[in-house]
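Starting off with a structure, shown below.
Just so it is clear, A, B, C, D, E and F label the chains in written order, and each chain counts residues from 1 on its own.
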Amino acid sequence: MLDAIQFSSFAEFVDMGGYGFNVWAVYGLFAVFVAINLILPLRKKQKIIRQLKRRMTLDAEIQSEDDSHGD
Amino acid sequence: MWVWFFKLGSPKWFYELSGKWLPWLVAAMVIFMTIGLVWGLLFLPPDYQQGFTSRILIVHVAVAGTSLAFFPLMFVAGTITLVWRMKLADMVAKNAAILGAWFSFITLATGSLWGSVMWGTWWEWTDSRLVSMLFQLFLLLGVISLRSALEDSDAAAKACALLSIVGCINVVIIKYSVEWWNTLHQVSSPVTTDTSSPNGPEFWIATLIMIVAVYLFLTVSLILSTRNEILERERKAQWVKDLVLKAK
Amino acid sequence: MTGKQTTTSAAFLATLKRDLLIAFKKKNDIVNPFMFFIIVVSLFPIGISPESDRLTEIAAGVIWISVLLASMLSMDNLYRSDFEDGSLEQLLLSPHPLFFLVLAKNISHWLVSGLPVVLVSPLLAYMLALPEEAYGTLFLSLLLGTPIMSLVGSIAVALTVGLGSRGLILAVITLPMSVPVLIFGTLAVQSTLNSQSPLGYLSLMLVMLSVSVSLAPLASAAALRISVN
Amino acid sequence: MSSAAPTASSNSDTDTIMLAARGLFCARDDRVLFKNLNFDLPEGQVLQVQGSNGSGKTTLMRILCGLNDGYEGSIKWYGQEIEDQAANFFSSLLYIGHRVGVAKVLTPVENLRWSCSLKQAVSDEEIMAALKEVGLRGFEESPCYTLSAGQQQRVSLARLIISPASLWVLDEPFTTLDRKGVERLEQILQRQAQAGGSVMVTTHHSLNIPELAMLSLG
Amino acid sequence: MTGKQTTTSAAFLATLKRDLLIAFKKKNDIVNPFMFFIIVVSLFPIGISPESDRLTEIAAGVIWISVLLASMLSMDNLYRSDFEDGSLEQLLLSPHPLFFLVLAKNISHWLVSGLPVVLVSPLLAYMLALPEEAYGTLFLSLLLGTPIMSLVGSIAVALTVGLGSRGLILAVITLPMSVPVLIFGTLAVQSTLNSQSPLGYLSLMLVMLSVSVSLAPLASAAALRISVN
Amino acid sequence: MSSAAPTASSNSDTDTIMLAARGLFCARDDRVLFKNLNFDLPEGQVLQVQGSNGSGKTTLMRILCGLNDGYEGSIKWYGQEIEDQAANFFSSLLYIGHRVGVAKVLTPVENLRWSCSLKQAVSDEEIMAALKEVGLRGFEESPCYTLSAGQQQRVSLARLIISPASLWVLDEPFTTLDRKGVERLEQILQRQAQAGGSVMVTTHHSLNIPELAMLSLG
């Protein structure tokens, strides 16, 4: 299987037959694109949960404050 | 059938179901993506004409093909929003517009990187695929900017649904008219877009794997952002509160 | 409780008349698109080149794009002031089908801001040194193209009518949609210049026009209901 | 600002019910404006909708007119769902909201000519008479942007005099009226009720109208 | 009665911050001029010709004219919503010199809607096949030209802020005024293409910029007082 | 709608006169709104401007604030013409008109932060306290387009609580306020008068404020 690899050295791999910049730019862009669109939603989920938690404690505070005013 | 349909419309139901599916989808995505990328980068033999740049093509073609799916998707979601008032459809549509803009942009960028090798130029107005993809991007950005401009989320949902439907019809018209327009310019163009380039079967298998991988990625990303949207919009629902409390 | 209910055609006419009346009172609604068109066209000889050979090449495209811009940007008036002063709500609460009332508003708007631009186009074609044989085609293509753009633009205006910042978002939404009209319009002129018949393109535009007349007001009406909500 | 108890008190139960709302629920941005709101509006009744700022009066009025569909519950017009007979309902309805529907460049006469003709045929004499009745004599031909806030409101109120609509929905029609204007409007509302029509009106004033029913929100 | 009076610079900063805040909340104020610019530019290859030789000839002119249009049309937001909600009256009743408050609004507006357009212009220059050596000059000339247009446009917006129909009238008033900027801007690019130094034109634009910074806000302030009357 | 007789009645002549108008004349479109209008506004006084719709109340208020210069006559601020000391006058003036000066996309806090900072330095705590006092607790961070008509008006009224301005000019500040809101605003006006400030206010209500002076137009 390893003989099917098209490159004999790392330098050749990087060079991509002279089109290194374009090939790597495409793969790099693609990687960034995929990563961003997976990582951002995951991070956003964390943020939402944190916010919702804060909101809930705050609501509870206002609630208890209002209750004590009501007395 | 209808029971199922309306059940799917319930955000809670979708959240739970998608939670079960996600690991499998992610696993499949990782497998296909790895095979596709490793094969593409390491094993794909150079094309006799295009050399190693055919490695660009498997990514480009996969992303380009997938990005054509967005307007139909938004058309369907928009119809559901307007006719059945299903909130879930709008949550999907909102994120589909954003993801679709990303896909269109990456199609343009990878296409340009490919073009700079094949044509010696990064941009070419005489290619109808380029031009119609550019206008698809514009239309998607239009939908996004309408959404961000409208303050009321309910009105924004319906407005964007309507615009997506009108936009979908337009994408089709634009695509054909640009193609037609372009055939008239082919003669004098320095560039010939030869779609039937002599790539071997290996190339097409690699491309196919990449296409599957990219579709899986689209699904996963869309599900993730839709789940976020559900949490935000349903934040008052008891099940979301329980879920938040359970999360660390 | 006197008075009897009006027919739909009476309501259609009343709306058409009212909108024309407002336009004639404001005058700017009529004059501005027209002026804008002339000014934008005349920027090109300044910005690009005053030589007539060069101008001939770009004439049709420049005129078409300027018409497109003038027509998009004039759309802003279509429902805006009605929305702001509450007349739009009254329109929506009418017992008559909204389709016709919206159509009346669209027609009035085109008469006031599309037609004058089309009428003056031969003059600008002359100033940009467009060969004479293409005047007719240019005129006809604009005559068919501008109502399409008005009708399609109307949907976008209806969607954005509640927004504070205007103008640009409208253009951003509708300009990409008018690419087909631009393509067929300029191709028609081009083919006349190449001594071919432009009839194919013109009849295509006619088809597009009839489709938009029958569908766009529906979409506009739906959009208005959404915006007023 | 809280969910309202359903408190409409109709004066006589034998009257025909024109508009009936059952189990209305509306929330905006997670705040429940009203829930399980029920009321009947019989013929010949003036119903004042009361409530503090932000309690949902405007929202309720727009829901009734079909201008807002963000609600749950049923609204019936003479026993039938409104959606099933929209044209019928709309031709009996007259709504005047916060924005009064008066185009600034047009004169009062021109404004009325259009807005009335959406519903019924009307002659210029009727319009002139109505304008006179709301105290705009002498301003018939001035463009509306030269009128003061209260005068513009009067233009829209002139529609009440012309209109044969049996249901009036008025959102704070008294805000910029002077004292005489308020009195005159009260008379007009009363006249409508006597003629068998009905009125829903929001205001923070206390109205001087006999047999007034009240609906309180939050 | 607590609190002490603010200095003029604090009021200047507060106004700048507020306007930027509004723009970032609305997002569209930032994105739309930018999008409009890109869309309008890409209509030209479709309307005129997609061939790069032809495009090279028109590139500089098309980019400059599109920038002009984007910049004029985005002006509409400058005082409009402030006028409608009454904030403008509050501004006029401030004890600080109106010059600085107006300048703050102009600066914020340019940062938000002028600068992004300038920044993206090299990309479009590439797409329109403008020769590479002219990129720098195009960029610089736009960087100098857009604030001039914003400042001059601001006067026209201030004069028309009370009008119902917008957008076009503004363009009709200001486009003719910005012809000199267009001329010098395109001449600068042209002279680079002809391997001459563009410095003369650029320094002329610099002079125009400094004159407008010092005079235009005064005129805008006066115009605002007139409009609110 | 006719030329007004000068009818301002000040309560005590020994007070320092803050604002003095002499021989004011204003006509719009040939109709004389008021002529030879004279009045004094001493420190510590609330002056209600009355008149029917279209009598020129709004016009008068805008003239006093320098927003309208279509008049004749003299207006003095502590004995000196206003034009000669504009910055001085403006820093003591707070005007709230028909359009309340509340940007829709901003939150109440952001709105107040800007509009107050045009005149004086203010802290966020003061703003929060003021918002609480006008009954907007819980709405501090909602964008103003989600507020009801009356709530938006309350945002602008919060400025009264923060402001150290000695002259308030308020054009129909009561229009969309509910009953509690009206009472609270009346208290605020009274407090201003007790602290030695003055208020000019137009409204069609009858205000429940002791030692109220009246100025009638038309």
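Here is the rule we go by: a residue touches a chain if its C-beta (ideal position, glycine included) is under 8 Å from a C-beta of that chain, and two chains touch if they have at least 3 such contacts.
Nothing here was measured: the structure is a model prediction, and the numbers come from that model.
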Greatest separation from subunit E - chain, by CA centre: D
Pair of chains ranked first by number of touching C-beta pairs: C-E
Subunit A and subunit C: spacing of chain centres that average the CA atoms, whole Å: 45
Approximate Å spacing (C-alpha centroids) for the pair subunit A, subunit E: 36
For subunit E, residues that touch 2 or more chains besides their own: 26, 28, 32, 35, 39, 46, 49, 81, 84, 164
Residues of subunit D touching at least two other chains: 70, 98, 104-105
Residues of subunit A engaged with two or more neighbouring chains: none
Subunit D-touching residues of subunit F, taken from the complex the two chains share: 28-29, 51-54, 58, 98, 135, 142, 146-151, 153-154, 172, 175-182, 204
Parts of subunit D lying in touch with subunit C, wherever the complex brings them together: 65-70, 86-88, 90-91, 93, 95, 97-106, 110, 113-122, 126, 143, 162, 164, 166, 195, 197
Residues of subunit C touching subunit E in the complex: 26, 28-29, 32-33, 35-36, 39-40, 43-44, 46-49, 54, 57-58, 60-62, 64-65, 68-70, 73-74, 76-77, 80-81, 84, 163-169, 171-172, 175-176, 179, 182-183, 186
Subunit B - residues contacting subunit A, complex: 33, 37, 41-46, 51-53, 55-56, 59-60, 63, 99, 102, 106, 109-110, 113-114, 116-117, 217, 220-221, 224-225, 227-228, 231-232, 235, 240-241, 244-245, 247
Residues on subunit C engaged by subunit B in the complex (per definition of touch): 152, 155-156, 159-160, 162-163, 165, 169, 172-173, 175-177, 179-180, 183-184, 187, 219, 222-223, 226-227, 229
